[in-house]
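The data blocks that follow each hold one structure.
What follows is a pair of complexes built around chain A, which joins chain B in one and chain C in the other.
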Partner chain A sequence: MTSVSPRPSSVWHVVEHHAVQTRRTMQTVLLSGFLSPVFTMLALGWGIGSQVDDVSSLGTPDYLHFVGPGVMIGTATLQGGFSSLWQALAALRWEGMYKNVVRSPATFTDAMTGRLVWMGILNALSSVAFLIVLVIAIGWSGFGALLTPFIAGLTAMSAAAGVLAFTSRKESGDGFSVVARLGLTPLFVFSGTFSSIDTLPTAIATVIKFFPTYHGIEVARDLINERAEVVPSLLHIAVIVAWIALGWALSFGGFRKALTS
Partner chain B sequence: MGAVIRRLPKGVDLVITNTFAVRAIVERNIIFFRRDWVILVAGFFEPIFWLIGISAGLSTIIDDIEFGGELVEYTAFVAPGLIAVSAMNGAAFDATFNFYFKLKQLKIFDSIITTPVTITNVVMGEAVWSVLRSTAYATSFLILTVLFGLVASPWAILIIPVSALIGFSISAIGIFATTFVRNWHDFDYFSLALQVLFIGSATFYPITVYPSWVQIVVQFTPLYHGVALCRSLALGTAGLADVGHLIVLVGFTAFFGWWANRRLEKSLLA
Partner chain C sequence: MDLAVTAHELTKRFDDFVAVNGIDLEIRSGETFALLGPNGAGKTSTMRMVSTVSPPTSGSLSILGMDAATHGREIRGRLGVIPQEDQLDADLTVYENLTTYARYFGQSWSEAKQNASELLEFAQLTDRADTRVETMSGGMRRRLTIARALVNSPDLVLLDEPTTGLDPQARQLLWDRLYELKERGVTQLLTTHYMDEAEQLADRLVIMDGGEIVASGTPSSLIAESTTAEVLELRLADEQSLGHDLPFRTEVLRNRVLVYADDGAAALAHIKNLGVEPNSSLIRRSTLEDVFLARTGRQLVD
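Up next is the complex of A and B:
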């Protein structure tokens, strides 16, 4: 182990491994990463939308314009976070995939970086499919919308990195379903996904601003509705990137211990 | 001195079930989950998050919703629907994922049926356990909605037996569907189905929002009837239509429970 900083070529090999592996489980991606969120978005967008009397307070032309980007980024959070639970534990401990990685010139940091980069790419790709449906439903609003899959990819990476910090220290799946239900679900539901964050109880609204999902939804919503401004958007993105860095740094020790001792 | 378990004749045991054997199956689940009680508690919170997340914000921009000829506040409209959802969630996991794990991975049913406990007892026992979990979730949620002043009628007490029935029907359908599962990846379809039921069963908006053909399709799904029952009981608008919802849920339970039992007997005794 000479260097701990990830090397792009080795990271890319890990990404390729995950890409090939995901191709065999395309069904999972299609069902939980695309069909399920598309159904949720359309049913809530049209169903709840038909009941909303006062659209003006949303700041968007209709409810689908509001909830669409919310469900997109919320889904990226769930998908990214979930991938760092049982799947990551399997690769790290049960199946020993990453033990094989460190027997090659690639290091443990390449393994964890490659994993996170792949989660970003995968969720950006499934968000493109989601975006196509959204644009068909609400109409073309401008080129800003094309940047939303990029935001979804970053948000997925941040959730994956945050949860990976926890998983990398675990030897078994104890507590995983608690993380999913009490950690990831609230992020999906409370991040201003279904209504403006100001309408939520103050305590929730305050705490949720520390997490990446809220910031991802804000940027994506501004982009879809053609009202994004450069500086505020970059600040939101900075929070997401900070989470990726934090999660990466906190996963470091767990990965090193699991793979180099 | 253990009690003697007698096998009842085939077919009869579907109706008059052997309580001792069923209790043994339920007890196994209780002992198992005693170690993992956090999972049980965590499952209870999910619908509460949705209640706060969706209705707290939306009630400021959605005026009262018309239901059963009366205008209802949005939160009071959504809350009973989510009680039904919590009953479904309580049953779904044990009837599908866990059932498959016991059936194919641990193969504990293969061992159990070499004892006087029959396959029907196993199905019943697992269903009864699911129903207990459903009812516990739904009852806690009901108490919460009463505390928040979201319940308008004393009839709401009947939500407790109704949630047991929702749990029973989901359990029957879940176990039936699980008999077709080939590998773990098939559960992706189950997750999708649960999400579609959760969002699509007129939980967050009246069913009249749908085009008429979708309304007809929704009638053939179980959770919709549970949502409708809980809603009219909580809001005090229960009527003849609810008898219909009850019949449908009982029908789902009996039909899929019987068929699941038949399929398991064929595969396990083969």
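Up next is the complex of A and C:
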């Protein structure tokens, strides 16, 4: 209650705490964060990719070069966003993980921040595994690809932060399926993941550009294809970071009320 | 005298509702201090303020010599807090519950592991170290919650209804652990709605009701001030009554009548002389329950 700014050491303790908990659910994490996206990518890249004769409009050598980074960042969005639904509600309300946290020297902002940082780290790590498979499949294109897990981590954080702003005010899971079906799934599908957003109606493409996933995919795709330029990339990253900041700020009141009233 | 907690005009409001209404507290280092009160008295609200988790609406609060409003992190680093409801990491093992929590207090993993082993010993959970919390009984969970609150060797331990919902055996085991803490010189602030728990554990206590302190003192001084040495409990047949001109204070409860007299046997003789023949009678010593009844006109636990 003294100060509301997070303290790095306490944030780190929250990250560690989540890491210990995640060890217990490693199978689910591996399945949804690594195996499932790898299968999606390979099935689409090799399966659908073989049916696509003309890849010139995609601007990549083949479909796998296009869909790989799309699935990587799309998955980070789903994983980050989903983690802020039931799991976040449980940690904040019923299981009381964060209620314990605020009885230690840590504060509610450490809890929020630690949660988001952990989602970033977890998704960056599963993206490393994903990237390895991708590179095996498409060949080594250059060092730029090594930055993509970082982009995936940031995108996961931004989705987690955005959804957390919603969940932090809720005492039950009402509306979670709406967020998942009408928010996260469309973001995964329509952010230029499987085809260029130019193929979408203009209005929808404009809305999509407002959200972080599209920007993450653009940067990751440029990095994988060794065509990233500094300024456009930083602008894309700025949108993602802005979402993290916005989600954090909008979660603040909910966390404070739930943990310190 | 060294004070572990000083509260002045401490108030907690939830919107328009006043949960804690300007209470004063002084808790001395090394003592065990109890907040005794019925449901809704404001005990938990008070504990949450003292644990520097919930900011007071108004009033001043100093914990271990530091201002709660400005030194939350430092204060919490030296507190051990046992909340009313166990909030353990159900998916983690007993041991992991202790080590992960110790990290929040700045301990290295090796310190945390060392401490965890000692605490498991203290809480008599050593053979459960690798058990997942999900599968444990209420009594074991409560002991783990207490062990976890001690990871930082706190100077002040806050226990919110430590034994509510436990069977008598589990309760006694917990009380033994709390005595041991007291012998180590740890200051304890506990809440309870069991008068026997307050009598057993507390050096001093306050009785809270409706957000206010209605009485304070040692268990024996409160009993001496507010009630008689003995109480005669009578069960009367439906049509019987004691009349109005007895020389004793009486309380008529749902299924019995309490007659307050320093000499219960003499009081019973007196009543029988008036021609009243109770279905049953019992003479006992006065307790804090009687103090609460005298001060508020209500029973502590319905």
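In this section, the second predicted complex is superposed on the first by the 261 of 261 C-alpha atoms of A that agree within 3 Å, B and C clash if a C-alpha of one lies under 4 Å from a C-alpha of the other, contacts with A are read in each partner's own complex, and residues count from 1 in each chain.
Rule of thumb we're sticking to: a contact is a pair of C-beta atoms (placed from the backbone, for glycine too) under 8 Å apart; a residue touches a chain by one contact, two chains touch by 3 or more.
Just so it is clear, the model here is predicted, and its values are computed rather than measured.
When the two structures are aligned on the shared chain, A:Val52 is found in touch with chain B, with no touch to chain C. Within the superposed three-chain model, A:Leu35 lies in touch with chain B and out of touch with chain C [touch as defined at top].
Applying the stated contact rule after C-alpha superposition, one finds that A:Pro105 touches chain C and leaves chain B untouched.
In the superposition on chain A, A:Thr25 makes contact with both chain B and chain C.
Within the superposed three-chain model, A:Leu259 lies in touch with chain C and out of touch with chain B [touch as defined at top]. Judged by the touch definition given at the top, the superposed model places A:Phe190 against chain B, while chain C stays out of reach.
In the superposition on chain A, contact of A:Met97 is made with chain C only, not with chain B. In the superposition on chain A, the chain among chain B and chain C reaching more residues of chain A is B.
When the two structures are aligned on the shared chain, A:Ser172 is found in touch with neither chain B nor chain C.
Contacts of A:Leu200 after superposition on the shared chain: chain B is touched, whereas chain C is not.
Touching of chain A by both chain B and chain C, each in its own complex, is seen for residues 25. Interface residues of chain C, counted against chain A in their complex, comprise 14, 51-55, 68-74, 76-77, 79, 81, 83, 85, 87, 89-92, 96, 100-101, 103-106, 148.
The touching residues of chain A, counted against chain B in their complex, run 25, 27-28, 31-32, 35-36, 39-40, 43-44, 46-48, 50-55, 57-58, 175, 177-178, 181-182, 185-186, 189-190, 193-196, 199-201, 204. On the chain A side of its complex with chain C, the touching residues are 1-3, 7, 9-10, 13, 16-17, 20-21, 24-25, 95-97, 99-107, 259-261. The touching residues of chain B, counted against chain A in their complex, run 38-39, 42-43, 45-46, 49-50, 52-54, 56-58, 60-63, 65, 74, 185, 188-189, 191-192, 195-196, 199-200, 204-206, 209-210.
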